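Should a chain be cited, it is by its letter among A, B, C, D, E and F, assigned in written order, with residues numbered from 1 in that chain.
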């Protein structure tokens, strides 16, 4: 169940952005990713989620374990809150959406179309999706964008409950979430000009 | 599995979902043909099977644009790719949903439009049968085109360019079957070929589509 | 993915595959190209002048038979170029050598021009022979479809920004397109019977092509092959340089 | 000049079109090639100005 | 004034600019027609003028999609609307650029495609003339459709539906002129009508387009 | 030359968002607009730029005077920096783009395609466009998004030079630009439920 990263190198747009990254993520543990804009946090999360291959290094324990929440929420404006959530629950083979609705105070909005929600409510719905995946490792890319203080607290509570139940979370964020967890700053791992890790353009450099 | 199908169908019929736009396009193209080639009914009835097949093909083609692009833009495809559903299955289902919302209405509307073009009476059954056998192939091949061009800005026209030559065998056999049916010849051979193409394409294309989509999601 | 393993000590492939390294490839093509250009020009000029000035007219086709020295070689190269792209695409998909992907990209415009020449000369030939510029003969039709495949392939390369993504997608398109090109060929055969004289002047010498036509034709075919090789090699070099420029610029911008 | 008889138009235009297309292809290729070479030289000079 | 024209032309020929895609689509539709209606050259030559007009119209239609949408997405339209250039002029110029990059190539390619469809020799001149007179109207009317649908998500198909009926008069007179020319009849009357439509549309439509666009920019 | 706003009411999505707004903007003056997200700053700027009509109130002195810079820059990815800038200069009847290039340190990038610029460089190009309009009133909507510290300073210098030359500027922003200028907080002017200013839905209320 432990996610183990060894000597990972990830690339974006044909050039390496992060290299030599190693860490483990055990059940019950949360890890906060930090780094300036453009340092490669999103790229790292996408690689771990299996959306793109790493340039080098190993990822163990990720298969079928990861629930990924990207910058965009994958919500359909013309489906209601209930329909959106039920869809993702079905795709991940779950049935009960009530706990997810409760955790993010979405029950009063259940029959509203997602397109008529405010930005913060949309984001809450996107986060509620994590609870209906049944996956144990959460990979979250700036999850608290456009959330107000109450919603951030709801989110922190949901993460804590997930950790207590043996889950793990890897969260890229610029703000303080109030979670007691380790922090991984990716800045030291930024690829330098002479990184030679086989990015697609490497053969031409 | 069925969740995705149900969602796609639901989305298609909701406001702005595009259900019926393909049909409307089919109608308009068929209506414009007499304006283009002139109103002589004998000429029209000769070209009717071919034009109806062409119209169906173009209508199908135009609605491919929204098959994947909307899900790509709002991030659904990323999330689907990390879900337990294999991408091949997801794309097959999306092709099925496209067929149900576009291909099937075209099949049902074709006889009505046949009247507009003076299709010979003998031709109706074979036209519908050939469309029924052929349109699934159009949807599946179209899904491949959509997967190839999903990341491209304004990929619609490019996709048409890529997909149209792939449609040639289907069109040839489909239109040939409909034409033979309309002129009283035996349409069995082209129908069998059409069925063969559809079967092969349905079985194999989703893998190519999924490969293309995976590349685009990187 | 073949590129993920042992980056610390990259394997240095030797022999044929070592030319998959862009720099080595550029060196090779730099050395080979002058000779290739020269040979191509030589055999084209010899073949075409021979064919145009020093062959007799055919007793049935009159002087139009001279068109064969352009029509047949270009038709052959149009098909061969696609086959080469198919092979290069497979190499890219399996072994991920950038040079082969770029070679496929470089070959496509050459292939289109060959297809166009075959189509144009065929049409011009058809007017006196069949009394029409164009007929929906299976062979002509499948050539037209090949032309469309070329157009789509090139348009896809142009449309995608990331070069590796473009290489992957065009390779997949090339594979699928090849299958459908063959399918179309059969479909078209079924759909219409042919007009195109294949056997009358068949390259299968038994039939009748006399040596007077045959030998200059062979020279022209050699010329087209050499010209194709030279163009593809040169254009691949261009693509490599463009890619290297892009890579250097991207690295600059990232600093 | 050989006597092309009544097919002179056809033969000449076939040769004309083909040779035009071939020359066009070669010229365009060479031009693109030279441009690419120059652009690369510029960038290489910039990336190591003291070399 | 010319700055906008030059920019649009430049953009069209740059990578991904879509120059030639309309042409390719025209080619493909024309090629597919024989597959649909069969290869008999006598039949093809009868429907050739109409089909070529229809093909040109559809190619024009499909390339309308990018006429305004790209400028809308990246905010250029907002900035243009606040510039000293009147929106009417800007839209006329954009229609002109669309015609140069799409309509004109179609006009030039039509004779070549006429060969494929066995167009009677007498028809080439009239076909080209009618297209030359008619395609500007297609671009201008299309600009209106694009302006109407510019803010709509996936407006492409919706725009087709709105624009196609507006294209009917142009199509009728254009195809009629080409057909009369091909069959040796006198094509003067429909040509005059066509010219009239084009002149009227070019003079008046930009105001409607600008009005629609202003509403969409709000 | 002075821009005078009297009792302005602006609407978005069929409902009024700001009402009763009055202010003047004299030559040489800069005014900073502030207010929480969704309070209507963008709507106000678009109205003043003439892109949408006001619901009520008067705007004097705006015609042909305003250079508007929106959230998006209107750059063409496939045109070079020079081509982009020259195009806008031509549209506004200007010819010289050199000062604009200098003000935002774009000269080294002059032949790069805009699509290959980084986000901050793109933004600089978007701001340089203001200098080639020759217009006297700048309306800027969050101009410093994705700019680094140096570029923000360049921007402030450009604004100061513009003011010194008799121009004016209205700037909606959340951060401090280091300009010594008045601040207008729009929060007190937010439309309340009983605003009856003739928004398109008014007839149904």
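Convention: contacts are C-beta pairs under 8 Å (C-beta built on N, C-alpha and C of every residue); 3 or more make two chains touch, one makes a residue touch a chain.
Computed from a predicted model, the values in this text were never measured in an experiment.
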Two chains sharing the most C-beta contacts: B-E
Maximum centroid distance from chain E, chain identifier (CA atoms): A
From chain B, the most remote chain by mean C-alpha position: F
Mean-CA-position distance for chain D and chain C (Å): 16
For chain A paired with chain D, centre-to-centre distance based on mean C-alpha positions, whole Å: 52
Centroid distance [mean C-alpha coordinates] between chain D and chain B, Å: 41
Mean-CA-position distance for chain E and chain A (Å): 47
Interface hub residues of chain F, defined as touching at least two other chains: 118
Per-residue multi-chain contacts in chain C, two or more chains: 145, 148, 151-152, 155, 159, 161, 191, 244, 248-251
Per-residue overlap in chain D, given as positions that touch at least 2 other chains: none
Residue numbers on chain A that touch chain C, as the complex places them: 9, 13-15, 53-57, 193, 196-198, 200-205
Chain B contact footprint on chain C (complex, rising order): 145, 148-149, 151-152, 155-156, 159-160, 165, 168-169, 172-173, 175-177, 180, 183-184, 186-188, 190-191
Residues of chain B touching chain A in the complex: 2-4, 7, 10-11, 14-17, 71, 74-76, 78-85, 217-218
Chain C to chain D touching residues, read off their complex: 48, 52-53, 57, 62-64, 66-67, 70-71, 74, 109-110, 113, 116-117, 120-121, 124-125, 127-128, 227, 231, 234-235, 237-239, 241-242, 244-245, 248-249, 251-252
For the chain B and chain C complex, residues of the former touching the latter: 144, 148-149, 151-152, 155, 158, 161-162, 164-166, 168-169, 172-173, 176, 189-190, 193, 197, 205, 208, 211-212, 215-216, 218
